[in-house]
Amino acid sequence: MAVAVPEASRERLERLERIWREPPGVIGWITTTNHKRIGILYFFTALAFFAAGGVEALLIRTQLIGPNGTVLSPVEFNQVMTMHGVTMIFLFVIPMSAGAFGNYLLPLMIGARDMAFPRMNALSYWIYLCSGIFMYVSLLGGNAPNAGWFDYVPLASKTFSPGPGIDFYALGLLFNGISTLATAINFIVTIFKLRAPGMSLNRMPLFCFAFLAVSFALVFALPALNAALILLELDRLLGFHFYDVFRGGDTILWQNLFWIFGHPEVYIIILPAFGIATAIIPTFVRRRMVAFPLVALAEILVALIGFGVWAHHMFAVGLSTITTIYFAGVSLIIVIPSGIQLFSWITTIVTGTPRFKTPLLWIIGFIILFILGGLSGVMFAAIPFDQQLTDTYFVVAHFHYVIFGAAVFPLLGGMYYWFPKVTGRMYHERWGQASFWLTFVGMNVTFFPMHILGLDGMPRRDYTYSPGLGWTGLNLIESLGAYLLAAGLGMVVVNLLVSLFRGEPAGADPFGGDTLEWSTTSPPPEYNFPVIPTVSSPYPMWDEEDRERDAANLERGEKVLEQGHETPASTLVDAEWDEILEMPSGSPWPPLLALALAGVFALVLLKQWLAAAIFIALIALVLVAWHAKEPAEA
Amino acid sequence: MGEVTRSMEARGGGAVAAVERQRRAQPSGWWGALLLIASEAALFGCLIATYFYLRFKSGTWPPDGIEKPSVTLPLVFTAMLLAGCLPVAAAVRAAKAGLAKRAWWLLALAAAVQATYLGLQINLLVDNLDSFSPRVDAYASAYYALLGLHHAHVAIGLAFDLWVLAALARGLTAYRLTAVRILGLYWYFVSAMAVLVVLTQLYPSL
Amino acid sequence: MRSPLSLSPESPVSPLLWYGVLGSAVAWALQFSSGYWITEAQCSPTGGQWKIDVSAWTIAIGAVALAVAIGSAATAVTLFLRTSGVDSKGAPPAGRIRFLAIVGMTVAPLFIAMIVMTTVGVLVLQPCSQS
């Protein structure tokens, strides 16, 4: 409901606006520390990388549309296939879900005015941008990484990949990882410390639980990837022997380290989508989520147990049975938390009063696709089954169902859902529904036949295939499906773009949402909330008394925090008000630090050690400058 | 509501100490640093796991041609670094009580101990390099990578020491107190890692 | 500072409360990691040199982990019963305790299942045969 604004309140709003205003124009965007602006920067950058990854996908599908394809040479195919995976996972899905959705919505959902570390938030974005450009530079001169997105040794070793492609991969991901780690730390501290007083852990929206789980998973998974990559580069650039079998090293070491990261990574990919689903469902079925504590714990449990299943990617590698049995057992049990969530979502929808608007359609599509993807996934927990179907198109089918179907569908639904909040305008409903159906059909036509192809023996990553193997027909169908899918996604983009300029004004709360972002104007003001909200449940917008108390507080000047760039901090578990924090405002140092870091990585790639050391010293100087202006002085 | 402090405004020993006494939750920066440290600890864990993973694949360890590491000096140096945690802890306590000058001198003492430690360790490392290079085999690679990672963290810690000393010389604020506390966390972490690293390094000789 | 054992579940940092929530998870994590390393050590190319009795260690570690996990489940159930009638979305501390007790009761059976499944699996399978 819109805030009715009497005189005294209007003065407070103007004061808050002056305090939180950022410089206009490009300078404002480059030096921004506002979480909403950073979210928008992430959104458009991630969308650009989605397009790049999509082009790569269409190239792959066009190459495979018929046997003995000649669209891509084998060399080109390996690079395109690798970049498709790397782009979609590291440069699209995580930045979009955590960087765009997470950054924009988390402070709003917890009743805060910004993230815990606004400047580090900006740094995360600039590092992301620089790392993405760094990796795409490799395409110039045909030096893109070409060993698949999980880059196994010995193929990725210097002996078999002497060019710089793998170095772009390793250094690019090390670079990118800094951004993601910073974001994760920011989310955890924000969620624990900056919740509005009264929002104890058991009253926090499920969206926030999902992001808490994602962030903890990132903090402990990224180091494994970093270790793997550092050891790889030590081997490649300095001649060490971690992965060199002839000198006491071990190629399986790479697989272990990579998948200790890699499996939690796929849960990291999907958890934000769970969070988005749990935000959309209650709104559109006008019912609180069934078994709230169970859904909250299931989100955290998936992230936790996800650390214990990594070697199910290695069942065909020659490990002993008594080692692999640990992973088989845990991989079977990890289905249960996902099942808990599915049952809760479905029960909530069936026992509520659903309004089948576009966002809910995407979530229902997600539920169907997640069930299919989850079922094909749990089949792999059976070691004998896995050993027949590993590295075939059955795997490709499985992970596209869970990544595209289960991670991307909620993102698309979320784009529609929060579009009115971010832009102030409504999307076109009919075109929205059409875009859903086209994408849903396209997705199934593209990826369902891959299950059959896999069972028929088609290996993954093949750059082409011979006629007469029985694979031709299905490959044709899949490629046509891919074009359909591209059209569906194109329709989403066009709908949102056109609605941006021609959509109906949306108002603060067009859907009757349950969480706090719907209490602000659309788009929200720089300072998010004129009054720090009073909270007594995970569905604050449906607590009328609390919202009336907010209006009264604004009148009286209570909990307005207008003495500066301020937001409250509370105790970690029970959210009792503990202190008032002064937050930093715009700063040029984050983009400069990102540039300096880009310099370091580029120089290491070129083996210019001295120059790289100079840039490291530069980084130290930038950090000193960054911290010279303490927030209270800002 | 009147009891809630604007903690960042505290300047000078008395005000900062008062804010410290009143807070119930640790500052955001402290939690953020703890999480970063957890991540770095996981990185060390991966490297130590790598060392033992490679050990399990090997017959003799270290492989023929490399001597077992000598035990005395590394242990002595590690004890030195651990001892350096005492002035660090005292400095943190002093800063929390608002005693900026005392905290400064204690940190300076700690920094001197830590710098000496790093110098001695680098010296030892250079000696090691004379007898075997990391390019010999996987044992050597793991040995030097682990030590190198640890020494890099010590070096960064020293740079952090210098920055905190410079900031603290200008007086105590709530922000700088958080910096001192984070510095304390960092050195406890580096010292704990030093113990694990030295035990791993010396494992063939123990 | 009061002794940790004297902190009632009402306190946000009560060890009892967090044992009820996290105890089974920690038990599983330790059983899992130690089990992985034992099997890796024994079944590696040079593993025979330490003559590790995998079965004995697996049973011992599994038993301890199971005991800790069952204790954690019991604690969660006790706290759940102690907060009967409280809404899990209610005000802390009671609401928060109820919420966390539900969490503990739900996760414990899963971790117990994993501990039992993997322990039995190791005992049933032939050690160090390639899978």
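As written, the chain order gives the labels A, B and C, with residue 1 at the start of each chain.
One rule holds in what follows: a contact is a pair of C-beta atoms (placed from the backbone, for glycine too) under 8 Å apart; a residue touches a chain by one contact, two chains touch by 3 or more.
Just so it is clear, the structure is predicted and the values come from calculations on it, not from any experiment.
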B-C compared against A-C, more contacting pairs: A-C
Comparing chain centres built from Cα atoms against the global Cα centre, which chain wins on proximity? A
Counting only Cα atoms for the centres, state how far chain A is from chain C in Å. 30
Using the touch rule from the top of the page, what residues of chain A touch 2 or more other chains? 571-572
Which chain C residues sit where two or more other chains touch them? 40
What residues in chain B touch two or more of the other chains? 53, 57-58
Footprint of chain A on chain B - complex, ascending: 1, 4-9, 19, 23-25, 28-29, 31-32, 35-36, 38-40, 42-43, 45-47, 50, 53-54, 57-58, 63, 134-142, 144-145, 159, 163, 167, 173-176, 179
What residues of chain C sit close enough to touch chain A in their complex? 12-13, 25, 28-29, 32, 35-36, 39-40, 43, 54, 88-93, 95-96, 98-100, 102-103, 106-107, 110, 113-114, 117-118, 121-122, 125-131
Flag every residue of chain A that touches chain C in the complex, lowest number first. 200-203, 292-294, 296-297, 301, 304-305, 308, 315, 318-326, 328-330, 332-333, 336-337, 340, 383, 536-538, 571-575
Enumerate the contact residues on chain B facing chain C in the complex. 52-53, 56-59
Given the complex, residues on chain A that touch chain B span 116-117, 120, 181, 184-186, 188-189, 192-194, 219-220, 222-224, 226-228, 230-231, 234-235, 238-242, 244, 247-250, 253, 256-257, 260, 558-559, 563, 566, 568-572, 576-582, 620, 623-624, 627, 630-632
